[in-house]
Structures are given as structure tokens and as C-alpha cells.
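Pasting the structures here.
Consider the two complexes below, in which chain A is the common component and chain B and chain C are the respective partners.
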Partner chain A sequence: MANEELKALVEGSVYIMREAKMNARKVAALWSMGKDSTAMLALARKAFMKKVPFPVIHIDNGIDFPETYAFREELAESWELDLIVAKSKIKPEISGYSCCGSNKTEALKEVMKEYGFDALIVSIRRDEHGIRAKERYTSPRDKDFNWNYKNQQAEMWDNYSSNPDGEGHIRVHPLLDWRETDIWRYTKEERIPINPLYLSRNGNRYRSLGCVHCTSPVRSSAGNIDEIIKELEDTTEEERAGRDQDKEKEYVMEKLRALGYM
Partner chain B sequence: MESRIVVLGNKDHGKSTLIGSLLMETGAVTAQRVDDARKTSESLGRKFEPGYILDSFEEERKNEMTIDTTRAYLTYKGSRIEFIDVPGHEELIKNMMSGASYADSALLIVSAREIEGFTEQSRRHLFIASMLGIRKLVVAINKMDAVGYSDRIFENTKREIEEYIMKVGISFREIFFVPVSAYNAENLCRPSGNMRWYNGTVLVELLSWKSVDNGDAQKEGVATLRGFLDREKGIVMGRVVAGKIMEGEELSLMPQGSVMRITELFVGEQKKESALKGENIAFVPEERISSEVRGSVISSQGAGIESSVALKARIFIVSDISGDVSIKMNGIASECAAIKVIETTDIMTGKRTGKARIIPMQNTAYAEIETVRPLVYAQFRRIPELGRFMIYSNGSFSGIGLVE
Partner chain C sequence: MKEKFEGIVRELSVSPSRHNWERFRMELRSSSARYYRIIFGEGKIARQQDLKSSYAELYDEKESPLGKVPIFIEEGEGISGATEYLRGLLNINK
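So, the complex of A and B:
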């Protein structure tokens, strides 16, 4: 991909985040320490003179990989992030769809309410999933986090929405136009730190990162970003193939997102 | 550069099917998604439907219609193509417009079947596409397999579309017609043996380049101001929407009507001497700006930026305008005092009516918009960001306007 195209994506994301900051009372961003939300923070640093001007929330169920926690601590310190760790409970009897649907979403609801955030930056991309391809750059959620996907509001050109009723919040999606390989190209170009789990170890690497229960690695020999990009150009697998399956199946993502999942 | 193509046409004429088929033909979609679409088709007791690759809402698949806009990507001979699929249903025109506003080209799909043909909804889509400034149009006459691959039917449909374009006075820079069968993937990526009479290029080839920019774009530097990045230090954020903005240059600030210079300029977080169209900037002005800056515009001398409480625009109405009317331009809402219709045009027949009081729904008018506070604007064809707006009445979206 030409540099010109990557540049256009960067400017688009910077613009969306600046607008979100101006339109909202109190913005926060979700940070999973994955490649997408970390790239989003790098873009926020570009947009706001090297300082991320809003709190970043980690919904922590306590079972992320040790490498992920170490990466969180490192980057939070070097980028001086205002990190909020929202603990979500793991109930042994609940897994997969219900786990992400109830536990994580519940924890998010609590933290949003506690701090009074009215805008939430979420680093989803259209190419990840058919349902995410239907999202707008800005999308209102009601007080129960419901997404009225059957009647989304008009969003044209660069006219973004703000929180309409003061009760719910607005989701902001600055990376909607990006593709998986774009994220890696930008990560390389800007030398953005990454979680080491993305790189091959003993013939495996993680392509998409969730918690230890629901994520499995893919066969890969890619030991650096160039090799990851090369591998992605040839793959016929879905990016989220390593995620616990019932979450990704037909309509499940639709239901999860309608309920407020990220 | 990547081409963004909005896929237009009537419901059931095969938009989602055609894109799904193209994605499969070019290998742009993973085996898993094809398999998912296959399983869904089976579980609904239907033959395989490539459209399910795009229509991913449960309601969309069960009811066999696209509800909301979606995107799909493919790479052909090194060019990136992005498809914006939109609903063809009349009631979902706001979703169609949301998708179309991001496109540079349009692919119109018209069924060759006599009972379907070039419908009112196809005409409406075409009119809106032209209004939004889309330069390149590719028309795929679909379902050729259902009409015996007849070249006569293809030619008749083509003529009907050309006549419509002439009659209502819309225009595109480039127009192409191609006969296809989306379901059988004929003339999508490979020429069809059933339509040897067609000597043109296959569809994907026609879609693979982006139409060049027209020559009348603004050359002088113009940037819209988004607000203060740091109010204490007086650092202002903006975005360059035309030409080039330079440090030290004498700039006018509108609607304040004052003159200013930039002493320190940043593109993103990097210090620069100048910034180009499309770049997000931050700057320190020579003299601190004390007024509110969000929605203001800075421009080089001779940029021809206007500021007033009245502007003339071509508008398109999707639902009644009444009650509290406002417009949203360049990300900022402005209250309207009045919308005065100068002339309406029937988008089906091209018939013009002067001094109409009411604009029929799903129709267009040339109108004067009066705002409560002064607005900074430019002609849409010169600076799109400052010449296009959404119209709201009582808080709901009811139409769009383009400054003429």
C-alpha cells in the first residue's frame, strides 16, 4: 500500500479523535493492550501533542496473559497514561459469549457510570467482522448500552454525532477504515511498542489477543512485523479465528454489540 | 489511490449478490466467510446466496434485504477497491446517503428483467450520487441470464438510463455500461461466453481506477478551526481543507473578520513550516485569539471565503422540514431562521417549478438558507468541506444541501 494511503488513514483518525474531544464532556478510551488500541493511543499522541488527553480503561478479568500485564505497566509509564483498571468478575459457570456479554460489559457499565464518561473511543475495524463493518464512526448507545442497529442515525461526510440525550454515551471508532495490515505498517513506521505475544515463538504466534481462556495462537514463523505483513497478505484465515468460537459465530457478535460489547 | 465505490440500485436487483460474487471471484474473502454464507443459505432452506457475505445482520438475511450500509474490500492488480453497499429500500434512503457520502465512484446495478428494470428508486439513487459530486459511474445491467443474454434488452436499458440522465440534467465525468450476471459471475472478472456481442471490459477492470480530480478545486490555502488544543497557551487545532497554509503568512480569520499570522505550526505533533490539504494542524497565533474558534476558518489572501447569514444551495429532502430547523456543516450545527424555496425540480421528470412553497418528499430544490448566526462557507465544487451540510428538523435528519 502506498504511503499516501496510510497518511490519509492517519489524518482521518486524528480528526475523528479531535472532534470527539471537542464534542464530548468527558472522553475515555478502551485499551486492551492489543495492536489496534495501542495504535489508537499512538494516534491520540499525534493528535494531542504527544500526550493522550483522556483516561484509558482496561477491562481486566484477571486472566489476561502475563506478557499483556507487563506490557500494560511498561507503556502506561513511558507514555504517562491515565490508566483505569476496571476489574470484571470471572464466573466459572459462564464462558465465551456469556462471559464477554455479561462480565466485561457489566464492568464497563460500572466504570462509565462511576466516572461519568459520555464518549468512549473503541478501536474496532470494519474488516474484522461483518457486524463491525456496519458501524458508523460515531454511534450512540442508550443508558443500558443498547445499540439501535436497525435504525442508525445518518452520518455523512465529517459531521460526527455527539451524545444525544445525556444519559447514554457515544461510541467513537477512529480506526474503522483501517485494515489489519495497515495497523502493522503504521506500528512499524512509528515504532509503536507491541505485546511480544504477536511474534512467533516455537512456531506459534497470537494474531488476535483476548484472555487466556478464549484465545489460541496460530501457526506462524513471523518473528518481526515485516514477516507478519507478508504472512497476512497470503492468509485465507479470519483474523479472529483464534478467538473462542461461539463469540464469532453468526449473529452472536450482533447480539453482543447490541448489548454494549466492544 | 484507493477507489471508494458506492453500490446503488433498487432493492432485489442484486447489489449484495454482485459484490459477494466479486469478492469470491477475486479471492478477497476468506473461506470461512464463504462457508458461513453457505451454511446460512442452507439453514434458511435457500440456494447459495453470495450476498450473505455482506448482509450479516440476522434480520437482513431472513428478510433478504440490506438494512444498513456496509463495506467490503478487494485488491485488483495492485489497486485497492472499497465497496460501500447500501440499502436499496426507499425508506432506508438516509442509510444510502450515509454510505454514498464517502464514495468517489458509483456502481449502479439495474436488473435487465422487464418487470424490474430502471426503477424510480434507481433514478433517485443516481440523482443523489450526482448531487454528492460522484464523478465516475459504472452501470452493471444485471440478471442477463434471466433475459436470454439479449443484447437488445441491454441496449434498451442503457438508452433508458442515458435518456434519464439527459432529461434531469445531471452529469458524471465518466460513464460505462456492462452486461453481467452477478449470480453466475459472468463479465465480473472473466468475459462471458454467453455475451460475445459485448466488446467492452469486464466489470472489475472498469472499477479498478479512480476518476481524476476535477481542475476547479481551490488552490489558495484554507483551514477550518476545530477548537483550542490548549486554551491556556492559546494553541488552536484545525484541518487544512484546500491548498497550503504557511507559517508567517498573512491569513484572514472568519467570521471574526480579522487578520492573523501563525508563529508556530504543527502537523500532528511535528513542527512544520507549512501544511497541506488533508492535514490536521495545531498552531500558535502571533496574537492570542480571544473569541471562540470552533467553526471559524483561516485562509490565504484571495481564497474567496464568504461569511454571511444567508447562502444558496441545492437541497434534497428525505422527510418534511418543519419545526426547529438546523443545519450541520463541517461538524458544527447552526440554527436556521428560514429555508426559502426558489425552485423545485421533480427528480423523475426533470420538471422545474418556480416559487413552490413546499418541497415534495424525496425531491430536490434550489433554496436560500438563512442562519441565525453567520456561517463561513464556500461553493461545494471548490471546497467540499465548507459547501456541504445535513439538514435537521426537530433533531431528526431530514435532508442535505450543497452550496452553489
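So, the complex of A and C:
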């Protein structure tokens, strides 16, 4: 990929985040400590003079990988992030669907209400999952976090001024046009720190990170970013093949997102 | 030192209280534990009970097993995840 293409993606993301910061009353960003949301924070630092100017939320159900927690602490300190850790409760029934749908989304609803955020930056990409391809750069959610994906406004002439409906909020998606390899190229170019789980150990690595119980490693010998990019250029495997909620039927992810999941 | 760590690992299996997890955190740094692996009793966790039957196996530098610890904290009638207490260890990816 030419540097010009990556530069255009960066400029687009920076523009979207600046627009969100200017138009929204109170913005926050979701951070899972994965490659995408960490790249998004790096873009925010680029957009706002090396300082992320909004709080960063981690929805923590207590069963993320230990490396993920360590990475969170290190980067939050070195990048001086305003980190909000929203603890989600584990309910008696926690199947893949209800864990993400109920536990995490409920925790997100609580923190959004508590702090009064009206815009939430989420690092989803169109190429990750079919349902995410239906998203817009800015997408309204109602007060119950419901997403009516059949009724979204057109975003012509780079106009991203979706307004939340009453007590709802706007989801902002600055990485929508990025591909997995773009994220890795940008991560390499900007020397963005990464979670060590992405690198191969004992012939396996994690390609997409979630909680310990719903994420599986993939076979890989990629021990650095160049090798990851090379591997991705050749693979036919889906990025989220190791994620439980995506292995279930397509409508599960659609339903999760419609109910407010990230 | 080794016996103290092993003792806490055993106690955690019986009582995964926050107090015991804090003791584990204090001892983990000076222990020989370097790697971990999460093992689920029934594969995917479908109920809270499945989290209770899951555990983390700890390994030393040479990837020899050191013992097992639960991955939850028991607090009153509820439970919460405890993998944050394994911070500093690396996934053995096996």
C-alpha cells in the first residue's frame, strides 16, 4: 500500500475526530487495549497536539487477559490518558451473547449516563464483520442504546453532523475505512505500542483480542509487525475467527450491535 | 519463598477472596511463575458456574507447571473476574 493511501486514511480519521470533538458536548472513546483502539488513540494524539483530549473508557468484566491489563496501565501512564474503568458485573448466565450484550453493554450504559457523554468514539472497521459494514462514520443511538441501522442519515460532502435523538448519543467511527493491514502499517510507522498477545509464542498468536474465555489464538509464527503484515496478505482466514460471538450466527452480532454493543 | 507462594495458591483454590488475591499479587512478583494458561472446564463459559470451574495453570521459566488458581473473586453472593491479578505473567499460548 502506498504511503499516500495511508496518509489519506489518517487525514480522514483525524478530520472525523476533530469534527466529533467540535460538535459534541462531551466526547469519550472506548479503549479495549487492542490494536484498533490503540491506533485510534494515537490518531487522537496526532489530531489534538499529542494529548488525547477526552476520557478513555475500558469496559472491564474482570476476565481480560493479564497482558491486556498490564498494557492498559503502561500506556495510560505514558500517554497521560484520562482513563475510566467501568466494571461490568458477571451475571449468573453469561453465554457469549449475553456476556457481551448484557454485561458489557449494561456497564457502558451506566458509565455514559454517569458522565453524561453524548458522543462515543468506537474503533470498529467495516472489514471486520458484515454488520459493521452497515455503520456510518457517525451513527445515532437512542436512549436505550438501540441502533436503527435501516434508518441512518446520508453522510454526503463529509458532513458528519448526526445529532443524538433526545437522550441518546452518537457513535463516532473514525476507523471505518481502515483495513487490518492498514492498522498494522500505521502501528509500525508511528511506533505505536502493542499488546504482546499479538505476537507469536509457541506457534500461536492472537489476531483479535477479547476476554480470555471467548478468544482463541490462531496458528502463526509472526513475531513482529512486518511478519504479521506478510501473514495477513496471504491468509484467507477471517480476522475474528477466534472470537466466540462471531462464530455464532451472523444475526447474533447484528442483534448485539442493535442493542448497543461495541 | 516458594512454599509461601504455593501456600497462597492452595488457599486461593479453597477461598478466592479478594484478601487472598491481594496476597497472591504480592507474592507473584517474587515467585518463579512466568507463564499462565486459562483452562475452561466445559470449553466456552455459558454460565457463572462455568467461570467457577475454570482455572489458570501457572508455569515457571522452563514452562514446568507450578499449580492452578481460580480466575474469579468471590465477594458475598456475587463473583467477579480475577485475571487482573495475573498481571505480569505471559500467555503460554499452548
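Please note the rule applied: the second predicted complex is superposed on the first by the 253 of 262 C-alpha atoms of A that agree within 3 Å, B and C clash if a C-alpha of one lies under 4 Å from a C-alpha of the other, contacts with A are read in each partner's own complex, and residues count from 1 in each chain.
The working rule: a residue touches a chain if its C-beta (ideal position, glycine included) is under 8 Å from a C-beta of that chain, and two chains touch if they have at least 3 such contacts.
Just so you know, these numbers come straight off a predicted model, no measurement behind them.
Applying the stated clash criterion after superposition on chain A shows that chain B and chain C can sit side by side. Of the two partner chains placed by superposition, only chain B is touched by A:155; chain C is not.
Once the two complexes are overlaid on the shared chain, A:22 sits against chain B while remaining clear of chain C. By the document's definition of touching, neither partner reaches A:115: not chain B, not chain C. Nearest C-alpha atoms belonging to chain B and chain C sit 21 Å apart in the superposition, given in whole angstrom. On the side of chain C, the complex with chain A involves touching residues 36, 38, 40, 44-51, 54, 71-73, 78-94.
On the chain B side of its complex with chain A, the touching residues are 1-2, 30-33, 36, 39-40, 53-54, 56-59, 67-73, 80, 94-95, 97-98, 101-102, 226-227, 229-230, 235, 237, 239, 266, 268-269, 278-280, 282, 294, 328-331, 384-385, 388-390, 395, 397, 400. Here chain A touches chain C in the complex through residues 60-67, 69-70, 73, 87, 89-96, 99, 196-197, 200-205, 211-214, 217, 244, going by the rule given at the top. Against chain B, the residues of chain A that register as touching in their complex are 1-2, 4-5, 7-8, 10-11, 14-15, 18-19, 22, 45-50, 126-127, 129-131, 133-134, 136, 149-150, 152-160, 164, 179, 235-238, 241, 250-251, 254.
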